Amino acid sequence: MVAAVFHPLGIFIVALGTAFLTPLLFRKREGFASLIFMLALAAMATIAAAGFLALANGAPTIEIETAGIAPPFAINLRFGLYESFFVFAVNLAALLAAWHYLPRLRKHAATLLLFIIMVMGIDGMVMTRDLFNLFIFIEITSIATYTLIGFEREAGMLSAGFKYIIATSIASAFFLLGTIFVYYQTGTLNIDDIIAHQSAIGGPIGFVALLLLLTSLLIELKPYPANGWGLDVYETAPSAIASMISVGVSAGVIFALYKVQPLFGDFLTSIAVVGGITFLASNVIGLRQNNVKRLLGYSSIGQMGLMVLAMALLQQHGQHTHLALIVGGLFLNHLLAKAGLFWLAGVVQRDTVRGWAGVAGKPLLLLVLGVCLAALIGLPPFPGFWAKWGLVMELAVDNLYGWIALVLVGSLLEAAYLFRWFGHALRADDSEPVNVGVAPLLPPAAAAALLAVAGYFTARSAGVVPGQLLLPVYAAGALFLLDGLPGRLKSLAMLAVVAGGGFWVAGDLQGLNRIFALILVAGGLLMAVATLYRGDARKGFYPLLAALLLSLATLLTAHTSLEFFTSWELMTLSSYLLVTLGRDGVKPALSYLLFSLGSAFLILAGFAVAFAATGSIELAALGNAGDSVPLVFSLLALGFVIKAGAFGFHIWLPGAYTEADDDTTAILSAVMSKASIFGLVIVAGQLGVRADIGLEPAYVLGWIGMLTATFGALMAVFQEDFKRLLAYSSMGQLGYIVAGIALMSHLGWVAALYMTVNHFLYKGVLFLAAAGVIYRTNTRLMYQMGGLIKNMPVTFVAVMMAIIAMSGVPPLTGFGGKWLLFNAMMDKGWYWLAAVGFFSSAVAFLYMFRILQTVFLGQRKLAHKDLREAPLILLVPQVVMLVIILVLSAYPKLLLDPLSAAVAPYVPGALLWDGLALQSHLGYWNAPMIMIIVGGVWAIPLIFLLLVSLTIKIQPVKQFNIVYAAERPHRPEDTHYAYRFFAHYERAIGVLVKPHATAFWSAVSEWSHTLAASLRILYTGNGQTYVLFILVYFVALYFANTGTV
Amino acid sequence: MTGLPVSTYVLSTGLALILIGLWGLLMQKNIIRMIIGFSLVDTGIHMVMIAIGYVTGGTAPIIDSAVPIKDAATRVVDPVPSALVLTAIVIGLGVTAVMLSYAVNIYREKKSLSIDDCSESKW
Amino acid sequence: MDIDWFQKIGNFGLTLLIVTVYGLFMGAFIERIIAKVQGRVGIPYTQPIINILQTLTRRTAISHGIMFYLGPVFRIAGGVGTLAFVPVIFGSETFSNFSGAGDLMLVIYFMFFGQLGMALGAGESGHPYAAIGIARGLSQMTAYEVPFALSVIAIVLQYDTLSITEIVAAQQGGWQHWTLFTNPIAVAAAMLAFLGMTGYSPFDIFLAPQEIPIGPPTEFHSAYLSLLQTNRALFGATKLVLFMNLFFGGATGWVELAIKTWAIYMVAIAVGVAFPRFRIDQSIRFFFKIPTLIGIASIVYVQMALVR
Amino acid sequence: MPRSGREPVCASARRYARPQRRATVFDARTGNVNPMLKRLFIFFTLILVAAIFSDVALNYSEHTELSRLAQHYASKGPEELGAANLVTSVVVTYRGLDTLGEVTVLFISAAGVGLMLRRRKHPDTVVPARKPASELVETAARLLMPMVFVFGVYVFANGHLTPGGGFQGGAIIASGVLLLLLAMPQAQLSHRLIGFTESLSGFSYVVVGVLGIVLAGGFLDNRILPLGSFGSLFSAGAIPIIYVFVGLKVGSELSAVVDRFRSDESKPEL
Amino acid sequence: MIKSLSTDATLANAGLSAEEQDLFSNARPTAYEPYSIKAVEDFANWCRANSLWILAFGTGCGAIELRPLMTARFDANRIGVAGRPTPRQASVFIIGGYSSVKTLKRIVRSYEQMQGPKFVIALGICPVNGGMYWDSYNTIKRLDQYIPVDLYITGCMPRPEVLVAGALELKKMIKEGRCDGANRYVENFDWYKANQKKVIKKWDMPDYNW
């Protein structure tokens, strides 16, 4: 009985019955009609859901025969797992779309019935197994859509609608013609029967028949360039209808394509190329688009292209088993995300992306927007992520590296324009704020929620245990619920969550991972304590921070590349969002995100190549990649160094570090940047150390590291902005670490890890100190500071110690890193690198002194007379870290022995100790003794000076009591030598630090915009031109494939 | 009677009609003429369908005294394309009707029936 | 630890005294030579010592703050510490100082210690000239560091050690074993860097006594200045000792040390009296050109000719 | 050139708007193609399409025997369904779902046309009084009308026996309505009645289809009623019933469409 | 540690605006005692005498005669005379002839910034009685009304030989412990200051330029 009620045929019966009765009901009472309408849609979705659940639990496929006669003589429908999934998804989307659009739909009986018939038509397209019947359902859907596009009767809608009608009619005509030719040759219309008699289709007629069918279906999917009409509709149609065209109609067509694809065995390459071109072209053109709905149109078309590409390629290479997860995941992701975005666009009612500035500060709106966009880009935990992962892996298995590149480049471009939009939405300007209630937001919000749920289940079907792995997401979600609490309370909650979660996840790690756990998790927690210094609400900050820190924890526990990549992307996403929370963080955050995604995609490609070579996604299996090792290593290493801000790819770094909140920056630089070091170590440990591999990539990596160190230092020298200076400094210091890892020797790795720990310590201190200074002075420009040592002595001492530790001046920890690195390099024979390293460490002195001089020394500004010391809670982590620095300086064995033991499994070797002195092949280093001697030689003159001072009257004076060429100083601003401190240096070697990288990447951006401009020239807006394109498309497909049959 | 079977003429005519229809769609600026072009395409396709349904020497697929049941399989033309054409005609009609209603509205909005005036959205 | 700390410290104190006094006297000696060039008599040999005592016996002073007070302490600690890590007399346990604590790397990096401390002290004085002087001095340092680093790498490569004692040991057995003769290219690069290091003309812009009165120490006086003056002599002598050790075969006795270091110093003086001052950007560019090329050549030379 | 003088629509277009350069073959800024060249291009494309089509036509050979499907319909159809008209049996039963879809298409296009051509809230033009039809037309209409209606009913009622069927019959009825409207321009069709007819007949069609599941082999199975004697009016199970509903529905819907186009208050001069 | 002067006796610094009060020290200078051990004081004086650091500040026309001092002919270096560019380090201030009111302001400032013991040599006739500028409205007539002068070298202009002689004389005076101008200045600070303020109309410095 239950089976009868939930029989899939019920979908049609309910739909038709409701549709036919709607005019009658509507005449009686409008409200009742719309109630019935909604109930009918709900019933359809319920039937589909019940069917899907039953089928997912192993129920047999339901074959529906009509007229009581077996196919092929009568039309039959099929309701299998895939069909039920598509039907369910589409009906769910339709239900939400109807909900979203009900205020307009309910005004006419016709709109109600057209909508429900349209949904039914899509369901029919999915379920029918008859070619001509498919045509009927396509037409039903189309005609319903035509009217729904234009019924508001605005000029733009009418124009777009008419073009849409003409184009799809041509496509339908092609379909009909193809169908009849197929019938001519096979004598049947049943798809299964046709496939069974596929051999009968041949000769010119068969070829034309297949081509007509293919062209028709592809045109319905709006391939570039024959898709201008589709874009016009996306731009002008009501959001709900556009969403249904984008996700519903396309779903039906793509499923139809899937059904008949066995016929197109010879054309699969063409189909893939069509999909690829469409994906790439629409994402390139999207870059120039400012109209939100047209933007979504480009994205829709691109996504469809991606699905077509995936379907064709996977079928071509016999990967039928993965088709479900990949195409299904992509489809579901696109369906929910794109529909949600269209509805959101309908709710917000702002045409251009700039207009979305009115959304800024509306948390729910932004959340929904962010979720949908993140899902669309393929970030975890949403379904698209798992699908894209699967796609890339399978493409790699089939050696389709070009396609992988295409997919990743296209995704990156898509991210560029989608997150540009998001950026506008984050940044309030003078445009009028958007005012919407909660109720209209429910459909998009439901889509966002469903995305999360779907992500969970997709993850499970992708073979991932989402328990620990998605902990960052759960934590962020939980903390987001607490977002109404006062700031400090939230901070405490965040600390508790991170501490608990971090210990749970990373508490029992061993070896190298344990060391990184100490930096990333324990260190991160220590830095996160500093967030208590600001008591304001900081909406969204604490959940994101928790997500970031916990994703770092899960990163460390990853055993498979999928787990690793998931955590990596979660880290990227949460850190991106954290950067956007900064004062002017939105713009730099975009370039941060793009470079992060670019690096993530390189990593993904690297993992994919490794998977293809080894057949395993275990991280431990990376080393078995055989011949692919150099490629895998290069891809992964490049990915990680981009994320570390390597020279040439660094342009995201200063902006992101500078504009993020001050405590965020501390965590980004001191903690998160180590994640890429961790990745590099893992990868190098698995791949780079093996002796049978050529070392050329490692040597290149070493140069990248050293050049990064040099140019990071050089650029830091010329900064006026405190945080920007520190950001470049971070970049440079990470360069040393990268170079150390590139050495692939025991000593080199110990050096790299030693510097990693050290960088965490001093850069943490520096950024927190900067946070304190900026908090008090309200400026980041160093020349506007000065003389703050009088107000902030503790901060000054912290900065001074950190700088000595950074510079490598004995006796603090920095010297150890330099010593180890230099020795390792000389051991390895990398003399030139060592020389460059010397130079860059000397250059680093310039900016280090600059900080002390212009911020803490020199002339204090009048306005800063009464500044207080930085907040205590900021000082506590600094002091803790300073104590650690001092302990490690005096007794580095404490750190070096565990490091040596941790890297030994990867790079065999041991440190040679002579008492407390560390011996190397070349030299020796006795840190405790150095500490004592330096202490002594420092104390003796001090005592002497103190004694002499007893005989002298020493008058403490004030800041203007200086010799000033017999004149008196007038304003501290004039007297403080700080602005363009190293102008002379710029004059000498400024040519080295011309922003070549920025210019290059700007040019890349410029080129892509130019490319977009020339690609979209085809979209003239003229309906006839579009028809011509369709014809040309057909002709082109014909002649492109004449050779294949 | 040349050597060609009769349905070839029908088929060729149908294909020619399609071409003419496409020409109309591409060259005519007037929306109504474009709709006529579309109708021509449609009609051409219907003719092609009918042509394909023809079986040499066949008669109408109606069982009556002229065509007894036992002969039916050899005597009649293919009923399927006829049935399909029936459906296709109605669908064509539906599409044409909607197109015309668009034309009416477009004229109302723009006081023009030129397709060139329907390019608000581009790029 | 098997070091006899008391004896070690005592020995070091002795070394320190000798080197400082030697440095002071040599300063006077060099001044007198310059005076001779200019047709003058020049200062008495004791003048540098008297100057230090004079500043030490000033009766008033001012202080701009704690870092101002500590700056000279850092400065002289840098000098004393550098000396502490350099073995002065080859083969003499007494005058080997604390060179067992670290190698050449330590010495090179420790040389920055004093610079940094001085910079901090000068910075707190609040005088713009001090800041300008430091900015120039540090910039110039990054420049001469390049040829210096290259030549150091060359000799480390040549002798396969970072230990200064071992480098000196490798040069024993006759003048022909000195780095000067085994690797003249590296010595050339290092000596050019040395010109920048000593801060004599043409590389003395960061002191610029007329334009920005003597740069970093503008505000230092009285007892502070006495420390700085002492350090100037001490640090200069230490650098000479280091160069002597690395490039000129070291010294087995004080006389040899005196002669060699004097000769090395004379190079700087000879250049200094002959050339006018460079602007800071000119001096930076200079170091990045010829000396750097020579430094590169020295490594290539070592790789090609000396290391198999 | 109808292009010239048109306002560019989006911001980027405005930026690129330049004085038109006629001489160029292709204006990379506007995407405008020289019209002559465009015509040539269209011509060339059509030639290529024609070449493809001629390839089809030249390779076409007429079937000499029925397709597998048709074989089955011709040999088994009459016994299975009891309809003399094979086309009807294919249309109504074998491909009944198509027909239901077809009815749906007609239904939604009627609804769509109605929606698109619905009355505007503020008609900007006054409806001119319609001229009465000529006497000739009126008289002929009076004469022909009943016959047309009866003929229509005949065609759909005998659809399973003779050429014709629900669609054909419905179309005939609608043409009768068209005649009526021509003859009596002032006449107002009862939208209520039309709507009621189409809704109810459509709904009944679905009900009949569902009855097929309950009583017979499947959805739209015509064998819910006895097949009757072959060749008689009351034979072929539910086919005549379905055709009656289809006929009514098609008739009313086509009438509605025709009426919609007619009763537009600001009629464009087509 | 740092022995500071008692700050209870502070200066008004009336010439400074309110916010500038915070930028300049307002401490009153105090006199320094000689070393309590006579031998030490003698040795210290000997050192001071043999290391005369002249402030390189040419205040008047006489400054031209300072240049030859360092040249081969006179070579003041050999008697321990050297120039220092900053008053913080210098111990001898040579007033090079006449001093206008405008220059006086700078002289006062520079003098006060020198660290004691400090000595002043007044060069030429003008600092004694105004010399040829005796009736100038803008030239001070008697320098020792404004800062304490240890040694006058008269003449117009005095030649470098005389300057060398003056330096030797100053050395002798220092060795004998007779040059306590700095302490005199402090002890009669209010008198000197009143005199200075009398001629320097726009007093926009602190009362004592530390």
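When the chains are written out, they are named A, B, C, D and E in that same order, and each has its own residue count from 1.
The criterion applied here is as follows: a contact is a pair of C-beta atoms (placed from the backbone, for glycine too) under 8 Å apart; a residue touches a chain by one contact, two chains touch by 3 or more.
Source: prediction; values computed, not measured.
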Seminar exercise, completed: Overlap of the chain A and chain B neighbour lists contains D
Seminar exercise, completed: Every chain in contact with both chain A and chain E is listed here as C
Exercise. So with chain B out of the way, what's still stuck together?
Worked result: one piece
Problem set entry | Innermost chain, taking as reference the mean of every protein Cα atom displayed | A
Exercise. Where the centre means the average of the CA atoms, what chain is farthest from chain B?
Worked result: E
Exercise. Centre-to-centre on C-alpha atoms, which chain is most distant from chain A?
Worked result: E
Exercise. Where's the contact count highest, between which chains?
Worked result: A-C
Problem set entry | chain D-chain E separation of Cα centroids, rounded to whole Å | 115
Exercise. Measuring from the mean C-alpha position of chain C to the mean C-alpha position of chain D, what distance in angstrom results?
Worked result: 101
For this session: Please work out the Cα centroid separation of chain B and chain D, and write it as a whole number of Å.
Result: 12
Exercise. Going by the touch rule set out above, which residues of chain B reach two or more other chains?
Worked result: 18, 22, 26-27, 29, 52, 80, 84, 87, 91, 94-95, 98, 102, 105, 108, 116-117, 119-123
Exercise. Where does chain E touch two or more other chains at once, residue-wise?
Worked result: 2, 32, 86, 88, 210
Exercise. For chain A, which residues are shared contacts with two or more other chains?
Worked result: 132, 136, 139, 143, 146-147, 150, 153, 181, 183-184, 189, 288, 949, 951-957, 959-961, 963, 1019-1021, 1028, 1031
Exercise. Okay, what are all the chain pairs that touch?
Worked result: A-B, A-C, A-D, A-E, B-D, C-E
Exercise. Within the complex, which stretch of chain D touches chain B?
Worked result: 2-3, 6, 9-10, 12-13, 39, 42, 46, 49-50, 53-54, 56-57, 60-67, 69-71, 73-75, 77-79, 84-87, 89-91, 94-95, 98-99, 101-102, 105-106, 108-110, 112-113, 116-117, 161-163, 165, 167, 230-231, 250, 257, 260-261, 264, 266, 268, 270
Seminar exercise, completed: Residue set of chain D touching chain A in the complex reads 9-12, 28, 31-32, 41-42, 45-46, 48-49, 52, 55-56, 58-60, 63, 67-70, 72-73, 80, 93-98, 100-102, 104-105, 107-109, 111-112, 114-116, 118, 192, 195-196, 198-200, 202-203, 206, 209-210, 212-213, 216-223
Seminar exercise, completed: As the complex stands, chain A meets chain C at residues 787, 789-790, 793, 800, 804, 807-810, 815, 818-819, 822-823, 826, 831-832, 834-835, 838-839, 842-843, 845-846, 849, 852-853, 856-859, 915-917, 920-926, 929-930, 933-934, 936-938, 940-942, 944-945, 948-949, 951-957, 959-965, 975-978, 981-982, 984-985, 987-989
Seminar exercise, completed: chain D partner, complex, touching residues on chain B are 5-8, 11-12, 15, 18-19, 22-23, 26-27, 29, 32, 51-52, 54-56, 60-64, 69, 72-74, 76, 78-80, 82-84, 86-87, 89-91, 93-95, 97-98, 100-102, 104-105, 107-108, 114, 116-117, 119-123
Exercise. For chain C, which residues count as touching chain A in their complex?
Worked result: 1, 3, 9, 56, 58-67, 69-70, 72-74, 76-77, 80-81, 84-85, 98, 100-106, 109-110, 112-113, 115-116, 119-120, 123-129, 131-132, 134-136, 138-139, 141-143, 145-146, 149-150, 153, 156-157, 160-163, 213, 218-219, 222-224, 226-227, 279-282, 284-285, 288, 295, 299, 303
